[in-house]
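Okay, so subunit A shows up in both of these, paired with subunit B first and subunit C after.
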Partner chain A sequence: MGFVMSAQGFDQVISELQKEYRVFAPVCKKGAGRYTDTDVVMYDEITAAPEIDLVHKSDYSFKEFLNPLSETLFFFTEQEVKEADLNKKKVLIFLRSCDMHAVKRLDQIYLANGKEEDWFYRRRRDLVHFALIGCQSTFENCFCVDMKSNQMDDGYLFSVDCINGMYYSDVPENSIKGIFAAACETEQDVSPCFVTENKVHVTIPEDVPFEILKDSLWDEYSTRCIGCGRCNFACPTCTCYTMQDVFYTDNGKVGERRRVGASCMVDGYTNVAGGGQYRRSQGERMRFKVLHKIYDYRKRFGYDMCVGCGRCDDICPEYISYTNIINKVNAACEAAKQGAEEVKNG
Partner chain B sequence: MMNAYIPFASEIMEVIRHTEKEYTFRMHFEGDVKPGQFFEVSVPKYGEAPISVSGIGPDYVDLTMRRVGRVTNEVFETYAGQSLLLRGPYGNGFDVDLYAGGETVVVAGGTGVSPVRGVIHALSAMPDAKDKYVIAGFKSPDDMLFREDLKTWAEKLNLILTVDGAPEGYEGNIGLVTQYIADLPLRGPSSAKAVVVGPPPMMRFTIIELQKKGFKDENITVSYERKMCCGLGKCGHCRVNDKYICLDGPVFNYTEGKLMMD
Partner chain C sequence: MGNLDINVGKLKKNAFRYSKHRGETASRIRIPGGIIDAASLGKVVEIAEKYGNGVIDITNRQGIEIPGIDLRDMDKVNEEVQSIIDALRTNQTEKGKGYPSSGTRNVEACPGSRLCPFGCYDTTEFAQKMENMIFPNDRHVKIAFTGCSNDCAKTRMADFGIIGMTEPQYNPDRCVACEQCINFCRRRSVGALSLVNGKVVRDTKKCIGCGVCVAYCPTRAWTRSKEHYFRLVLLGRTGKKNPRLAEDFIKWCNEESIMKIVKNAYAYIEEYIDPNAVEHKEHVGYIVDRTGFEEFRKWIMDGVEPGPKAEIEPYVYWKGKRYDRI
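What follows is the complex of A and B.
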């Protein structure tokens, strides 16, 4: 069942939901973009519906609530290790279909890789519910159709599409139907919009032969990539973190352990004590990242990590196209396969 | 649900000093643990460091640490009469039963001797210890670890102890571990087993020598060192291709290990 609301009705729905949920949504920050006089769309806790940006693709992903850039895990005193507190109120996150597919990837790493669940992720995950933002048309650099993440059929409390000033919601969650019924203009069947065609296309190689890891195609990124890590921080599926202990300058006996977002593109990611380092060049790091997204993760878990949101391409200051890399890798894999067959056939 | 990130306090039972920079901390621990596994050693306010198990007893594990980073520096400063915070053990560890019966060669360099110390102990206690070879290399005579063990091992199995360089007058072997492999008096290298642990270049060239000698890839076991923040398969730092060193390793059969490219 679905509902059609005016802006005022949608406003009313959000303020009703806020009694039970903290609401996180993409918010357009005026003038806070990476270049002079540009905006940035990033996630924040909102106070009212008009703050929600339903028009643009967010520059940074929804993951920041589940996987914060910096999260305090413990406080240390001389004798005690104490877990940091977390607000226990339920959380509602507005996100798009590709992002909902990304949630499965975050869950996979934090809850199902290895024997132990990540305690800190689990306690956040248990609070989180989703509101699906429909996509009426594709954005620049999206390739969700090729990654099969363009559509989401379940897992959300409600969806929202803003079309000509009216808000269309599909509400599978029974417990909140009353809130929508009270605020809507009409009740009718609604399906969230999703795109069936992107401008950008990728072909994911089925198999990546070992020799592709040593291919010269990676070399150009050693000079083009500056190792800033923005692609990782904007990516909805990147989960890496580094432990960081700090202590307070005014009381050296007390401190905390945090985890902070880590990037496999940034210097220091592989450094071991004593000076050892494993991928030194940006080309090697690019290979490590790209093959994880489109091959290594699939080898381990059976489906691709990348969801095709295109945020890495949107955000790269060197205009490196990740989708181009995927297609180059695919071409190299095809060539290697053909070469192998020619050798076999004499 | 248990929070796996919370470390437990473990009493330091004994400290064995090997060199200026390398000590073994004998830590109270009762539980299942294998050689080659590791613990995250935690010093609040300084951080955590993965340290491999270098010895196992009924109520303790040995952790051999080299003073090279923020955490280990702090451990060395504050250990006296205290406890350390640990998490673990993590990783798969060595399966020593693999080496029962048959010729076996362990090649280890520097602190790489720590994770295989338990393996060498097991080899030296086997009835066919005369078929077991250990090539242990250190930077210099001053950098040698486990001096007491080295003496015992020399009596029980075939130990080749070597240093990369030494002051004049040193009477032992001088040279890289790789140069002793060709001359090992093995009866059947094609069925002999090998364990290789050490710095990446040492491992690379050791394996080349073993292959030249006739060793098969499937008979070679390696152990890899990587940065690890969690030991639980979450932080991502130790991943190589589709493998997590902390979960699937650090010990790998070389048929798998050779396809892992950083």
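What follows is the complex of A and C.
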């Protein structure tokens, strides 16, 4: 069952839903870009439908609600600990297909990677429901088709595609169909748009032989990459964090524990006690990141971590293309395989 | 054709150069804000080939001089430069007669936020706005706009230097304490940031509003202020007597105040310029040397409201060499 709405109708749907949900969506933040008078599209809680940016790919991903950049987990005094409060109202997050595929990766790491679930992730995750933003065409640097994340068939309350000023929604969730029926112009079958072709293509190597670790292909990134971590912070599947135990300055017996986002590209990520550091060069860090996204994670969980949103390529200030690295890795793997066969065949 | 009989004063005022080569002059093209359309630059080439000696001089203040022009051709050249004057929307008193004055120098600008990642405002636009307010004027005043504290436009050598600033806005909820802002502020700027309890603290006294923290923040924890701010530096100069760098007058100033201060400064010059100055030309800085800064300040700040964040220096002291007092 689907519905077609005017902008006004869509506004009405959102304000009805806001009675039950806090709505998070990509929002174009004027002037908040890196450079003067440039914008950035980021996730934020919206107050009304027109704030939702359905046109652009967001520069930063939806993950910021589930996996905040900075979150106080609990407060401590001498004898007591208290978890930080969290608004218990249900949350609706607008996101595209690739990002909905990323949710599975976040869940995997925080809920099904070891015996214990992450309690702080779980309490946020339980609040969250999704609205799927359809993709009528591919964006620059997207490679969702090759990563098989271009289409999402279920898991969303409703979808939305804005085409020529009209809003098309597929609404599989029965409990909210009335809201759409009351606001729509017509009822008709709607399927969310999805792309079937990207401009960018990657070939993921099935197997990555050990010698790739020492391949010279990583060397150039030691000089090109500045280690800013934008690729990780913008990535919908990166989940790494670090902890801050903060003791308040006017009473050192009281404080809080925070977790903040971490990046495997930024200095300090592999620091260990005694001054050791496992990956010192940016080339080594790039190798770790890329192989984790397209190989190591799959070895552990059976599917690739990367969903092909291309945000890392969009945001890299040094014009480093991660998709290009994937293809270089694949070529090196092919060459290694061929070399091994030649040795075997004498 | 009769002998040359040229009013040299009028020639100079009409933006032609008095040349060391007898019988020759050079046409001086104003390019306020440093941006010229390609068609106008083509016209410059045409004039240089037709009336000049085939070369073009890029001047120190972002203007152009077309040398090697016969003094007899000045009227024709004035007709030719009309299309440039029109395209650059330079103020003029009479069409077809070239530039109406040359005292107030071309208003300079670095590329600013149109191109440069560090530019804190559209320098060209502001420079053109300033040019439109002050030109034509015979008073010898130099104004330069630069996008950030790097001061690529060398505003500290101008009478009025306008340096772009942004007031960094910090959202602690987006900060992961990667410390890149702290490191880059220390290495590329003044070291105004430090980490306290896992979050960044900005020393507002030290911060120069350069925006380096914003540029290097990977999470948008740092963003730029909606308002564009300016540091106004005063009365830098080169020259024989007392070359010196401009000194700070207002930090976190607004645009309207910059405009008004410069306008007021022209009134001050009219009041106090030495009537016996050589060629009726006295740089504003030397006038201030005579009247004292307090009188200058009284004039330029008349009716000025530099905004709630403005920090105004109560008195300004200049340094520099005093070759005339050894």
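Simple rule for what comes next: the second predicted complex is superposed on the first by the 346 of 346 C-alpha atoms of A that agree within 3 Å, B and C clash if a C-alpha of one lies under 4 Å from a C-alpha of the other, contacts with A are read in each partner's own complex, and residues count from 1 in each chain.
Note that in this section contacts are C-beta pairs under 8 Å (C-beta built on N, C-alpha and C of every residue); 3 or more make two chains touch, one makes a residue touch a chain.
Predicted model, so just to flag it, every value in this text is computed and none were measured.
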{"item": "Partner chain(s) touched by A:Arg257 [first = subunit B, second = subunit C, both, neither]", "value": "first"}
{"item": "Contact breadth on subunit A, by residue count: subunit C or subunit B", "value": "B"}
{"item": "First (subunit B), second (subunit C), both or neither touched by A:Arg230", "value": "second"}
{"item": "Partner chain(s) touched by A:Arg122 [first = subunit B, second = subunit C, both, neither]", "value": "first"}
{"item": "First, second, both or neither for A:Val266, with subunit B first and subunit C second", "value": "second"}
{"item": "Partner chain(s) touched by A:Asn164 [first = subunit B, second = subunit C, both, neither]", "value": "neither"}
{"item": "Touching partner for A:Thr196 - first (subunit B), second (subunit C), both, neither", "value": "neither"}
{"item": "Which superposed partner A:Ser137 touches (first subunit B, second subunit C, both, neither)", "value": "neither"}
{"item": "Contacts of A:Val246 with subunit B and subunit C, given as first, second, both or neither", "value": "both"}
{"item": "Shared subunit A surface residues [contacts with subunit B and with subunit C]", "value": "242, 244, 246-247, 262"}
{"item": "Subunit A contact footprint on subunit C (complex, rising order)", "value": "113, 117, 119-122, 147, 166, 172-178, 180, 196-198, 211, 214-221, 223-224, 226, 228"}
{"item": "Partner subunit C, residues of subunit A touching it in the complex", "value": "29, 31-32, 34-37, 40, 42, 60, 68-70, 228-230, 233, 242, 244, 246-249, 258, 260-263, 266"}
{"item": "Contacting residues of subunit B [partner subunit A, same complex]", "value": "1-7, 43-49, 66, 68-72, 85, 199-200, 225-227, 229-230, 232-237, 239, 241-242, 244, 246-247, 259, 261-262"}
{"item": "Residue ranges of subunit A in contact with subunit B within the complex", "value": "73-74, 76, 81, 83, 109-110, 113-114, 116-122, 210, 213-214, 239-247, 252, 255, 257, 259, 262, 264, 269-276, 278-279, 284, 288, 291-292, 296-297, 299-300"}
